[in-house]
Amino acid sequence: MSRKVCIVVNSRANYGRIKTVLTAVKNHPDLELQLIVGASALLHRFGNVIDVIRSDGFEPSAVIYSIVEGENLTTMAKSTGLAIQELTSQFENLKPDVALTVADRFETMATAITASYMNIPLAHTQGGEVTGSIDESVRHAITKLAHIHFPATEKAAENIIRMGENPQSVHITGCPAIDICKNVDKNIPEDFFRKYKGVGPGLDPFKPYMVVLQHPVTTEFGEGFMQISETLEAIRQFNIQVVWLWPNVDAGSDDISKGLRVFREKYRPDNIHFFRNFSPEDYVKLIGNCRCIVGNSSSGIREGAWLGTPNVTVGSRQFGRECSQNVMHVGYKRDEIEEAIKYQLNHGVYPSDHLYGDGHADERIAEILATAEFNIHKKLCY
Amino acid sequence: MSRKVCIVVNSRANYGRIKTVLTAVKNHPDLELQLIVGASALLHRFGNVIDVIRSDGFEPSAVIYSIVEGENLTTMAKSTGLAIQELTSQFENLKPDVALTVADRFETMATAITASYMNIPLAHTQGGEVTGSIDESVRHAITKLAHIHFPATEKAAENIIRMGENPQSVHITGCPAIDICKNVDKNIPEDFFRKYKGVGPGLDPFKPYMVVLQHPVTTEFGEGFMQISETLEAIRQFNIQVVWLWPNVDAGSDDISKGLRVFREKYRPDNIHFFRNFSPEDYVKLIGNCRCIVGNSSSGIREGAWLGTPNVTVGSRQFGRECSQNVMHVGYKRDEIEEAIKYQLNHGVYPSDHLYGDGHADERIAEILATAEFNIHKKLCY
Amino acid sequence: MSRKVCIVVNSRANYGRIKTVLTAVKNHPDLELQLIVGASALLHRFGNVIDVIRSDGFEPSAVIYSIVEGENLTTMAKSTGLAIQELTSQFENLKPDVALTVADRFETMATAITASYMNIPLAHTQGGEVTGSIDESVRHAITKLAHIHFPATEKAAENIIRMGENPQSVHITGCPAIDICKNVDKNIPEDFFRKYKGVGPGLDPFKPYMVVLQHPVTTEFGEGFMQISETLEAIRQFNIQVVWLWPNVDAGSDDISKGLRVFREKYRPDNIHFFRNFSPEDYVKLIGNCRCIVGNSSSGIREGAWLGTPNVTVGSRQFGRECSQNVMHVGYKRDEIEEAIKYQLNHGVYPSDHLYGDGHADERIAEILATAEFNIHKKLCY
Amino acid sequence: MSRKVCIVVNSRANYGRIKTVLTAVKNHPDLELQLIVGASALLHRFGNVIDVIRSDGFEPSAVIYSIVEGENLTTMAKSTGLAIQELTSQFENLKPDVALTVADRFETMATAITASYMNIPLAHTQGGEVTGSIDESVRHAITKLAHIHFPATEKAAENIIRMGENPQSVHITGCPAIDICKNVDKNIPEDFFRKYKGVGPGLDPFKPYMVVLQHPVTTEFGEGFMQISETLEAIRQFNIQVVWLWPNVDAGSDDISKGLRVFREKYRPDNIHFFRNFSPEDYVKLIGNCRCIVGNSSSGIREGAWLGTPNVTVGSRQFGRECSQNVMHVGYKRDEIEEAIKYQLNHGVYPSDHLYGDGHADERIAEILATAEFNIHKKLCY
């Protein structure tokens, strides 16, 4: 009988980091895919990721509305509690043999708690990495709840083992996000930007453009408006086209969005277009063809390593994450951001670095899910 | 201005392990106590711990009903989700400067997530210890969310640091449960048992008695009825008086209770009395005067070390926990349990071992809470 | 295409009052049954109604744990909120064409709100009746949310219309509980009581017995212990066998249960046996063969009218409900209860009265659900 | 001892309809105000009503985040469930003597259920009125849960009594919204619009303007985009200034907002400014000085009656509500909307009609809350 693998997708970032695994599980003869889509992946404000998922041929077993509106620290926690309540009922009715949770977003903890409390073996991707924000705490806490680990890098695997996990439960698979980098045709079509709507002037995909993506840092809640304003002022010094993605749903998101709206109202920039979402493949095309990716998304580091895209990482959110040479770290001040962008625009593309995987994470993860013996009795391994 | 310390008490076990700290915080000139009482501590079935708390002079800032009835794995997770939702609102309104969570029960995770997500520094007692059941996962996950650690033993502190916590955030304070062992007058009064009601024949505190306390093991859900039946059969071989405490609210509790009720109905034992709860001080008197404590409560190991009470620890729930020489580990089979009890009854009291503290945890913890610099920006310390 | 009819069963009382409709819907060629089982129907303490449901051949589409433990007014409301959260997700995924809710229990409101808010036509049985307790408010509030009404009596139908409902949406079908009264073989087998376990001395179904069933009255919360103690003292005056059912999950249930336990401990009665649950058919046999039914269950009035069972209704819970001549109303005092029981035992069986239906509610309801045009646009009809 | 009156404010509409009562309760010698602010009243997207409340001198006893994001039928129900869970804890801790709920919004039901289930006497304003949308069902269901009624009109009072409420619990007080109409200085200052920001061109308060406010109709979910597009096209035919308020949080709000954004993007109108919120007094000034109010807000009917503002009410949302002669009802088609606006612009101000009150609701309500005997034992009064 097939093993039922329940994968919970909560956001656009989640989806891009697990899509190839969804396919690999769906196609594996010994696995049955149960897909749950929840949280911001269901919301219009974040680009209706659910529509992309469906158009990719995945039909969810269940959808879960769990975001309590407010975008502050209180509602971030409250949304997690609500997600647990919802997931328990879904797991009770779906009865998966293993649950897989992605990375380190706050809602991801809900999947980890629900599965581990319900004696459902928990698999986890992207464990062992190091960053800032609440993600850092969430990621390692999930590692301590998980029964099977799929770290992307050797260093991450080492960290997981040092934290006391059983080495036999740790499998270096690479990150599924890299699978897409490897497989996608990087050529960008002429109508690339038009189909994604968004607001702002039309962009020409064949002319140079930067990509900016700056999320709130939950552990610096209250400083987001100032932080984004500095980045905006830095970006304003450049004339090239800019693709700007709205921030994710983390606490403080409202401050970032407000900063963007105030800026738009004040300067009415004719080179910046704001988007909600891209499909995973188009996102890789987007950053694979840009002159520089700016902000604090891990994609500039992770996919950026493989693609060699010049990157300027702002602030503490990615502090401590393993980086290839394409990454420059700067603080929140406009001047250092501007300087770094100048440097990177001048430098151009970096050589590809397979730091976060070789593009075969999907098949490895599916095979392990199909064959591994799961053991729900954990014990600190020292 | 005083620091507001919010302490969440969820069960009778929680209360005994933190009561001296409640007092120390309440009495500290630079601290203000905010007490939240929730989960099974509010329920009649578990002995109305809230009444004991109030009669000890602590008035809760808020009470939180969060146990979803069912006593299975699904409701254990669901109760945790509900507790998060409730705690967020309380923290939003109470605005504590630091939250303290006790040990490793499933509901405890709710406090840990709520505080850490809300950028409220999180203090944690009993981290770094090793056991079985879901507690093992919960305890270490909380460590990865906590900002300040109060382990009871040197080994536990070492484990916390090995897991990547900043050594400066780790303070070996001993366990507050030991404070009570140190301070309480062990003499047992004549009306000791009468005032706690319960069901079963009257007991004479001046005659020999055993104490039995066997909780479900969540990671062995479904085997509880068999497990408790074995213990019951073992106990049935002895003629001395038995004080039996009903199990806690963990998933599988119904199975244990059913085993106890079926046994009562079948054998109508004239030497076993069933109790719901004792005050922390009376609980120490209870196990400080008994001939043997049997089951899988950590108190047989923790307080037992100090008190020297002969202990028979059954099954996997305490597997891996640091023990003094008073502890004998056995499996679930009636024969091995019976053998071990015989040995321990014959052996008598062990020398006191200060393994879990020297009885001054309360003042140490209060002082650190009053003076430490809290840092909510965590980072894996390797 | 078949219409999907979602029926939510929350308690043992719910189940008995809707079981024949479950069968009729399941067997109707144009209907598809979606059964959700939740609340106390899932709990061991209330007799594992879910097991009876499954053994009757109904497999739930989903189960929903929603009872927040505490059995007080706060948790009664909280459980309703939780049930709404759970039902929304189930309705979102099941997409019923019509939802049916039974009577007036507090959890029933959750079904009513969820369906009506989600534009799912809501059908309601037992509307328009008059009683005490919170049920009175709940029942009429549900009427104002419902789109199709299946009252049991003419008077109830008249009440619904007077409250401003569209007369075309009101169908007098009789109560499905009467269908069972009509169909069941009233002969009681020799092993009748043995198979239901419970606690207390063995009972002989061929000897005379009374049935007692007294629930808390939520609007008199805090008086339950006194109320049940009076009834217990009245019952104690009689020597005949007594079948006592534990109370339902309404706020105050703990007080009633405590009263029963204290009484058992104090008097150790040798003629009273306590049960958790009977199957719907066996319940009809039980009260169809008893000498008198005492307490405040509506079954003494409703099924009692058809069966002619002498009934003593205690207190305000059923105050205002339409009654046949088998019912005597008394207050909470032991003397009046005792007097009334004496009268009823002496009187013997009453003639059958078809006040609450003719035993064909099932087929009528199924047919209307299959053929009616539903209109979700409500408007006060004056 | 003062009676504690707990008033729950969930939205900008709620606040305007109860503000004078907040003041009257706060100032009454025998009453103590407990204010809970929740739902969309806390959200930036709906104009941070909480900030207006605080700047008016009311400090909430508690705030409650309860809106589950999604703005569809599922999340509307889910938000109500969440609000119940939250309110129970607040009522448990605040222990009000009476709770007051306003009108008929979906979240309002949460207050009604929580209070009535917890035996807290429930007072209700705006009961007995007739409209469309889910509000119609919610309003009457709340009437059946409420213990004391403060209808605005004689007809509404009559409806409440016909629904079976005890006439002694029904007090015609007028609507508190009219108190503001009576008291406010209608003169509009020069900086009136500037202080409210919003998006769009600057408006001159001394030049003619219309006000448009069109909410989703939950029972017509899915048709909102079409509906708002028709209204937009009608409005586009006029050159005068337009003040447009974003829709409320009801299911379907996203569709309305999308319609507005698409329109803005397409036509970039230079005479329409979009606002999130006005203070209650400024809102009265706004519609008291406008040439016509268009859409489906009840304010055009309610406050409009007193102010005499020409009104065009679109679609079914207000269908059945008592109206003065200032109101013209039209369907959703652009042509009929345009025609009606032309007629009303041409007609000019209507005579004031005291249909919804005489401006003294506040003192009446406070006095009744201070002196009435509350009876939580309800019974259908026929």
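Each chain carries a letter (A, B, C and D) given by its place in the written order, and its residues are counted from 1.
One rule holds in what follows: a residue touches a chain if its C-beta (ideal position, glycine included) is under 8 Å from a C-beta of that chain, and two chains touch if they have at least 3 such contacts.
Computed from a predicted model, the values in this text were never measured in an experiment.
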Contact-richer chain pair (by C-beta pairs counted) among B-D and B-C: B-C
Farthest chain (mean CA position) relative to subunit C: A
Distance from the mean Cα position of subunit D to that of subunit B, given in whole angstrom: 51
Subunit B and subunit C, separation of their C-alpha mean positions in angstrom: 41
Residues of subunit B whose C-beta touches two or more other chains: 65, 74-75, 78, 82, 85, 88-89, 92
Subunit B residues touching subunit A - in the complex, by the definition given at the top: 73-78, 80-85, 87-89, 91-92, 106, 109-110, 113-114, 116-119, 130, 132, 134, 136-138, 140-145, 159, 162-164, 218-219, 221, 251, 316, 319-320, 376-380, 382
Subunit D contact footprint on subunit A (complex, rising order): 42-45, 65-70, 74-75, 78, 82, 199, 254, 258, 265
Interface residues, subunit D side, partner subunit B - complex: 62-65, 82, 85-86, 88-90, 92-93
